[in-house]
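Both of the next two complexes hold subunit A, though its partner changes from subunit B to subunit C.
After this line comes the complex of A and B, so read on.
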């Protein structure tokens, strides 16, 4: 548990270092990769609250990403409301949606919870594909480009986007660190370890699961708004893409589920690999990225099921036990 | 209406092969195989290449796809699933999920996302029964699917290995005490389940295009059918699959051309809402 203190220090250092990056990194290509890393680290951190600490393995977080993206875009295009407000409106919509979704899915455990979450995200995507009068149907829509309009979350360069998503990630990590230390954090870990036992010692398991699902969905929805503003486009296939759900879970598992920095470290590893592959092979061959991701995922599951952070904690604990070797 | 029911019933036979595989693996090994659909896809590509290169009829190439996938099942059990048995949910869920992603994306690299179709002499033929239209290819697929399901049922009831498999699915510890070797039983269960998926793929080929993502539709159908038919129950999965085929077909008929999947997902979510106790056998550990 000593790693916790170090985690906080490391986190502060990492964030300080990352704040300065856009001053040094000027290439839009590199900044784009950094923004992707921060974005998926953010989504992964949101997923990790539910999937990592409470070990409810959702593969349907695209549902909340999409709801966030659509809420802010609809408010912006139909009512001229700034995405800065729409972002939080989307978060609230996602949070409210998590109540019925959770009510359904939490009736199941293990793999069947996972399957139910996949189904809910797919149903939402199909609904948005069908209803063209209300949300542009399958064609989607582009976000009107207003040039440099900070109040509408639109900027000339990529650096402001970088700072927004860095802020989101810092907030999510802050929330996670706070939850880790609070009572609810211990409840979550207890639920993750053995749900029935947690119930037996008097933890209100359904309530805790519901609350953490709400927080996790709220955060995921913010990412949806950000991403739509960043790429100036929305359609059901992008907003509810299954690969968002997959990557949210993947980065956490590879980095280490139920650890503060796991999702960030997992994202850095996976996204860097993916960027290197892309610069090496180009965009021409489909499927390369997910092939490599799935191989990494398999290797982690078979050899290091606690992820990179879990492994680091083991090594650290071993070092402490035998100080002579240090 | 009656036409939609017939179409649905015939495709339901294919869903049955896939869901029987899923339920068999779940019943015996207690693992949900997220990659089942990808093995259907492999079966389709095997039949496609044998058909396109050598002119072998898909129903005949069943004799290739089934043994190949049986062997693949034994390998998957030996090298992957065996290593996560007895561990917690995370490796159990994400191992087969990773396998599914891997096979899907490898095929995307190898075969590209293009649709491949195989035209057989009977692909366009159909019987006409009192105004109803029964496509020959789908009828053959349905008939073979029912024969294979029947053979599996007989196998599980009458042979020692089949009985051992049922015993292992009812109570693994007791079965082990009775001298049943779980690794062998598990390997055979995986082999049979994947062979059925391969058969489904071959049977689909005369009337359904092969492409890397094709398995996803089938595996989602199978999950719903397996939940409806109670986890681990072979007959339940069979009947549920046929009903699902009909429900999907009626959904397409009455709601719109591409909404079959919506009907199926809604069915799944309604089942979960109304009858979560039906899952007591496995979904709730």
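After this line comes the complex of A and C, so read on.
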């Protein structure tokens, strides 16, 4: 169920169109929404490698988001190291953390795996809440504002942040497109479909899972650093927030798991809906916009369980088959 | 002829149940051996023990001179043993050719080379016209063909087929028998688990009979169908005279 061939072209077009957006969109409010869309599309794309292609349904990606955020912030505040370097250090920390987490969680399949991943993120949050001496405990900390300091990943306007997160998303999509076409891409889908059959045709299932979990964790951690730099604040509740894990999975499910552009499409759909509902209904009865949002979500999942991209692929396949049969 | 697979004193317990006990047999290269017996006799468990899906409590499995016990299934596959499953396990969302490519990737990293090899295997089992269909849309016999193609693409020397004829109609059984003959003609060693005596008589040169996890008989098809113990445990008394007369 992959849209081969024109996936790459579509990707290039989407990225090109998005590069021009800040030239047109000047309102900080609108840019903020766009940055959040790209950020969650990026996290979703990272999640999709493990949760979408290999169907290892993690709800613990906040663990890596938080580790990335804390690593770069600690390096910056305690040692004056630029978040540009800290970002990749955070990626490496998350990658290493994924090894024991994966070692534990991959023993379990299906819902049990999911529950175990939730637990790991919660445990990490508690560790950062309790141990005050090395990471500011529950109060968290603000990032010292240096004004316009590109080398420290700090900017006056919002446009530079937009380009950073767009770059991250483009890189993640590039990696995904490459994986999708290579041997590991076939292996991931095979593992997601039938683990025993995958083993039987010579796939080292634990190794492939471990590798893709490392890549997925690395990318998610980069998002953590970016977000902390963007909001100038970090605390355990923000960095390890369960809603990050949920959002990562949700945008992929709505857009289409195991497809290149699914998480991006899912995020655009969910975030714009949420923003529009907020501006239309936010001033009426409290919480009504969340109720409507949830209803829309349920409708999408009920009617299109394969996501938007899954639906597109079905239509495409039907179009292609009908001239041959008729 | 050299020995392809030597199973010695194989044993496996599940709690109080002795699924397989003290089973030994040898498969020679380019031979087709059938493993038969009533339901629950331990045939599929024996497959799982040979392929590394379960670890045996006792005994050894030696394939082409190398010990397989302790290896994981993908390692066993890399050593040239491939299997199909009793209940076909296709990768449903992938197309037929993509399914087979996952097997071909064992011997090559390059997708184009894997695709070419997968096409050959798909062609060999007679699925070429459906190679771009999603595997979940296939009929039962085509799913079995797909499993065979996927196994073949790993370039096995020994192929273990688990009830590939179950659920097929008589015409399809003939096709499957022909396909197994063709595989054997390519030099493959085959171990087949099967219930259908007609198919077994057509393809097997050697039969091992299991009952309650133990080997109760072994020999040529003619010897086995005439064996009173086998008739009692598995074939039923009505089979004996008919089979003895009809045996080729």
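In the analysis below, the second predicted complex is superposed on the first by the 301 of 326 C-alpha atoms of A that agree within 3 Å, B and C clash if a C-alpha of one lies under 4 Å from a C-alpha of the other, contacts with A are read in each partner's own complex, and residues count from 1 in each chain.
Basically, a residue touches a chain if its C-beta (ideal position, glycine included) is under 8 Å from a C-beta of that chain, and two chains touch if they have at least 3 such contacts.
Since we're looking at a predicted model, the values are computed, not measured.
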| item | value |
| --- | --- |
| Which of subunit B and subunit C A:147 touches, first, second, both or neither | neither |
| First, second, both or neither for A:182, with subunit B first and subunit C second | second |
| Partner touching more residues of subunit A, whether subunit B or subunit C | B |
| Contacts of A:80 with subunit B and subunit C, given as first, second, both or neither | neither |
| Partner chain(s) touched by A:246 [first = subunit B, second = subunit C, both, neither] | first |
| Contacts of A:257 with subunit B and subunit C, given as first, second, both or neither | first |
| Which superposed partner A:20 touches (first subunit B, second subunit C, both, neither) | neither |
| Subunit B versus subunit C as contact partner of A:199, first or second or both or neither | second |
| Which superposed partner A:190 touches (first subunit B, second subunit C, both, neither) | second |
| Touching both subunit B and subunit C, residues of subunit A | none |
| Residue numbers on subunit A that touch subunit C, as the complex places them | 1, 181-183, 186-187, 189-190, 193-194, 196-205, 258 |
| Subunit A residues touching subunit B - in the complex, by the definition given at the top | 55, 57, 59, 104-105, 107-112, 114-116, 118-120, 122-123, 126-127, 130, 246, 249, 253, 257, 285-291, 293-295, 297-298, 301-302, 305 |
| Touch list for subunit C against partner subunit A, complex | 51, 53, 72-74, 77-78, 82-83, 85, 89-94, 98, 101-103, 105-106, 109, 111, 114, 134, 150-151, 153-154 |
| Partner subunit A, residues of subunit B touching it in the complex | 31-32, 34, 80, 83-84, 87-95, 97-99, 101-102, 104-109, 112-113, 212, 220, 223, 227, 256, 259, 261-262, 265-266, 268-269, 272-273, 276, 279, 282-285 |
